[in-house]
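Below, subunit A partners subunit B and then partners subunit C, in two separate complexes.
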Partner chain A sequence: MKSFSLGWHLIRIYTFLIYVFMFAPIVVVIVLAFNPKQFGIFPMEGVSLRWFIKLAQNESIIDAFQNSLILGSLTAVVSTAIGILAAMAFIRFDFPGKNTLNTLLLAPIMIPEVVLGVSLLLFLRWLQQPKSFALLLIGHVVLTLPYVLLIVQARLVGIKKEYEEAAKTLGANAFQTFRDVTFPLLLPAIMAGALFSFTISFDDITATLFWATAQNQTVPVKIFSMLRNSISPEINALGAVMIVLTIATPLLAGYLSRKFSKFKP
Partner chain B sequence: MVSGDRQPMVQFKGILKRFGKVTAVEKMDFDIEEGSLVTLLGPSGCGKTTLLRMVAGLEEPTEGDIFIKGKRVNDIPIHKRNLGMIFQNYALFPHKTIFDNVAFGLKYRNVSKAQIETKVTRALEMVRLPGVEKRMPSQLSGGQQQRIAMARAIVIEPDVLLMDEPLSALDENLREAMRREVDNLQQMLGVTTIFVTHDQREALSMSDKILVMKDGRKQQEGNPESVYNEPANHFVADFLGHSNFIAGEVVGVDDNHVNVRIETGDILLAENKGGFSRGDRVEMIVRAQRFDAFPKAEFQPTAGLNHFQGHIKDRSYMGGEVSYFIELGVDREIHIISMMRTRLYDIGEAVSIQVAPHHCHLIPLE
Partner chain C sequence: MKSEKWKPWALLAPSLSAVVLLLVIPVCFVIVYSFWLRAPSGADIPAFQLGNYAKFFEDFFYPGILIRTIRIAFETVILCVVMGYIPAYFFYRSESRYKQIFLLLIMLPFWVSFIIRTMSWINIMGDSGLINHVLIKIGLIETPFSMLYNEFTVLMGLLMYLLPFMVLNIYVSLEGIDKSLLEAARCMGCTEWQAFREVTLPLSLPGVSAGCLLVFVLTAGTYLPPMILGGPGNDMIANLIFKRVIGTLDWPFGSAISVILLSLLFVIVWTYNRYLGINQIFKSFQGN
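Showing the complex of A and B:
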């Protein structure tokens, strides 16, 4: 098939333009991060790591980075732990109110983040508690749990019950069955769920704006507040770091899991 | 088979199982002798798998008790029952090597590492698949996976081996071979085995005892010969083998035999095992293989045997045997499977048919 019709050419151009539209801003941010001058102008006069160095010396940003990493990791751990248990309950057991509970846990996907942010704050006010890191963590778990739940449930449906039944008849108790059979078979889904949670938590701005305090700033919130003053080239450098991190983490995890998993479903 | 003074290995006492409003197993009493191979036979949905899963502990009986070695096991969790179960789709752990699959049950049984290795090696030899320890289940064929599933179940030296249609996923030729292997292995180990199947040939060829089930109810229990030759009711006769059902009425009784007038008006002789008396409405069951057909012109009746005439209506040649449908009178045809000791009969040809009275089994008309 060498000859393409005019229609095909149009579709190719159209697709190309869409990709440009989507990725050009990202490319601009990364390129401008290496701009030696205070103002972003093309053509650039040389390449410099100046803004990265300045970034590394800015303590409030380093703090925000630390916060984001800790928050993202904890969110991933807590969300995955709850998600696995909930998925097991929904797929393997029958209990009254199952569908309602499932819908409730998935609801945060459909509720606008602004609403979620405000309502959690109101709830906190009702409990008469101050804003804290715990609030951020709870909020991010609520935000990410639906993704973990959907991924783990989908995988669990595909794992035949017979594997667990076989393990039990062979003498494994419920915990050993989970540890030796269900968990290893679920692992790819658990990894994917944890990564989703981490990246969503790391990236989130809308809801986090409501929950963050001066001590507990995340990187996106920090960028947002920096933007309010001026467009410093530091932000480009920070943006570049964020982009590399959020793209590299899943890629790395995917590579590692493929390298170490003997079992391919 | 074991003498009757020992207690049964597995006992069902008044077992009843309901799923919601559906009754899967209806008030079942049944004993399984130690060392025997018992088949639960019936069409799908008859409750045979449910019965098996209740022994394993994968389902709980709604009512009644299950005893293993004389001990009530209703409240004993699955992992403490010491049973080996073989699933229809093998259920080998896909993320573990063959060695780890077979060794799985031993890990929870305080067996030393050296012993585990010895036992796994021996189990793999027993199922005639030595040397596959390092492979993954997906690298083995269906028949090989089936053997690994057997090795995994027998390596723990279970009190009872449970098999849930283990051969039904295999293709026809392999199934025949595996059937013999399962049979040999079971006899070699002497392990009490409960085998669930809907395949009558599997049941008849392997079992010490068969339990025929339908709609959750026991239809008949007994050894293969008695279940096949003396079916307790219409269902059992119909489910096992090719049967002719001929309605009739008892018109005469002597010491061992009864005379039955069948629909065509012919009077046939049958053994009176059911204690029938004159005037009883009966159904006569004759296996298609028990009839002999002869060309009408050359036929010389043997004294004491039943014989009657008909025309070949339809035939299908199956190589070793021929299946004939023979028209007797109006609206009455019988099915014969002939081993072709004479010759192939043509459609429309007049034949004489002969059958011995002890092959005519009577049941009350349902």
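Showing the complex of A and C:
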């Protein structure tokens, strides 16, 4: 690389500028969350926790947080569970129509969320069911399932079938084999998949805005409705809490999975 | 293994029924609804007529929004390639021991909620936002000039959302290139630039095109940046769907617009798959 160091320097500067572009909006949200002033955005007039305290006292925001956390966790559990089963079918078995079905299960990635939002809502309307928490849950499962499937499949391909066969030869039944052999080997991918679904569910706004109601708000939907007035330090404080939560979780999980993977055979 | 024939189907049953019940059937409903009538009272009347589609194409208003959507999607794709290729190349060639951290960092915004990343442009470009504040502080301007609520800010919001997808796609295909090919090119007397142009660039094109498709599809299906950062003249097709369905509860017309959007994307994805193959797209998600 030394022979081309001028070009390489330019590449580094360019990349750095892209980082600035990507991070500026995020950093600004966190900084402004500490701005004590009531209106407007800049300049900063000192540092205060005023808006965080106000958030903690706002019941509808606490509610939205609870909803989002429960919804994200349930989505992660359901999506990961059915995603693992499907991945096992695709990687460990041969059956007619396999490729078509795989594409079908990955299709939600390529279908615009706005259409997913409308179609599920329309279906519910035809069934004459009101919007509910269940709608958010099933909607988020559909949104996140393809990602779980991709992540788990990719890992499963790398786990030799021989391990499972050995367990079976030694007398384990299918469930024991899965519990004692496949599952521990899959664990990093399962955690990654679960985490991915949690974050997608926790952050999603495009489809969720169709499905949410005033009683069943998630944090992004709450932010959206607060934005109707104008941007405020309170929104920035809420955004800052969301950012810290969604960034700390994957980092923590990455650390945990590295710790766990030490026990790999 | 004859006796095991039912097993994959049992394993697939939950996810298949979820996707069929919650995606395939609802999308069929949208198609059916797009032919229905809407009574003046607001009730939906089952029918088979093309009135909703005729309404879409009766004057230039709605097709104009469709064309704008396609134009903005192309602009976003081009900007993403221009802004995303060099960082991806940097990750590929970097020998820094912090490379993994750099990569993780560019993915981090991906974990931050779309609405926060979008609305934060108001913090930066608003009348009392960062840019105006700095410009006034250094004395370049006296009164804030308004930058928000136009196509440029919509593009900023879209880039913020989609750039990580592009970088990831390009990076994954760059990582797949056998580095000995580069060494061979260098041994044969290519300069760094020639080696890039003749070897690296062509071999990374599958990742670039996969990224382009993904960015195009995601742009065409989003309404948030125009809604938050755009003015009245910057609506895209998804905004139209949102307004018809949530705003005026006009389900048949909203469905017809959804079908039009789906058809547009279907043609694009189908053409892409026909000539380039769709699987590259899914590779980038498996990488992490």
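The rule is short, and it goes like this: the second predicted complex is superposed on the first by the 250 of 265 C-alpha atoms of A that agree within 3 Å, B and C clash if a C-alpha of one lies under 4 Å from a C-alpha of the other, contacts with A are read in each partner's own complex, and residues count from 1 in each chain.
The criterion applied here is as follows: a contact is a pair of C-beta atoms (placed from the backbone, for glycine too) under 8 Å apart; a residue touches a chain by one contact, two chains touch by 3 or more.
Because the structure is a prediction, the values reported are computed rather than measured.
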Room on subunit A for both subunit B and subunit C (clash or fit): fit
Cα-centre angle that subunit B and subunit C span when viewed from subunit A, reported as a multiple of 10 degrees: 100
Which superposed partner A:V115 touches (first subunit B, second subunit C, both, neither): second
Which partner, subunit B or subunit C, touches more subunit A residues: C
First, second, both or neither for A:H9, with subunit B first and subunit C second: neither
Touched partner set for A:A172, first subunit B, second subunit C, both or neither: first
Partner chain(s) touched by A:M242 [first = subunit B, second = subunit C, both, neither]: second
Partner chain(s) touched by A:I231 [first = subunit B, second = subunit C, both, neither]: second
Shortest span in Å between Cα atoms of subunit B and of subunit C, once chain A is used as the common reference: 5
Subunit A partner contacts - residues on subunit B that touch it in the complex: 56-58, 77-85, 87, 89, 91, 93-95, 104-105, 108-109, 136, 152-153, 156, 162
Interfacial residue positions of subunit A with respect to subunit B in the complex: 160, 162-163, 165-173, 176-177, 180-181, 184-185, 262-263, 265
Sites on subunit C touched by subunit A in the complex: 4-5, 7-9, 11-12, 14-16, 18-19, 22-27, 29-30, 33, 83-84, 86-87, 89-90, 93, 95, 102, 105-106, 108-109, 111-117, 119-124, 126, 128-130, 132-133, 159-160, 163-164, 192-193, 217-218, 220-224, 228, 238, 241-242, 245-246, 251, 254-255, 258, 261-262, 265, 269, 278, 281-282, 285-286, 288
Of subunit A, residues touching subunit C in the complex: 1, 3-4, 7-8, 11-12, 14-15, 18-19, 21-26, 28-29, 32, 40-43, 81-83, 85-86, 88-90, 92-93, 95, 101, 103-116, 118-123, 125-126, 138-139, 141-142, 145, 147, 149-151, 153-154, 192, 199, 202-206, 209-210, 219-220, 223-224, 227, 231, 235-236, 239, 242-243, 246-247, 250
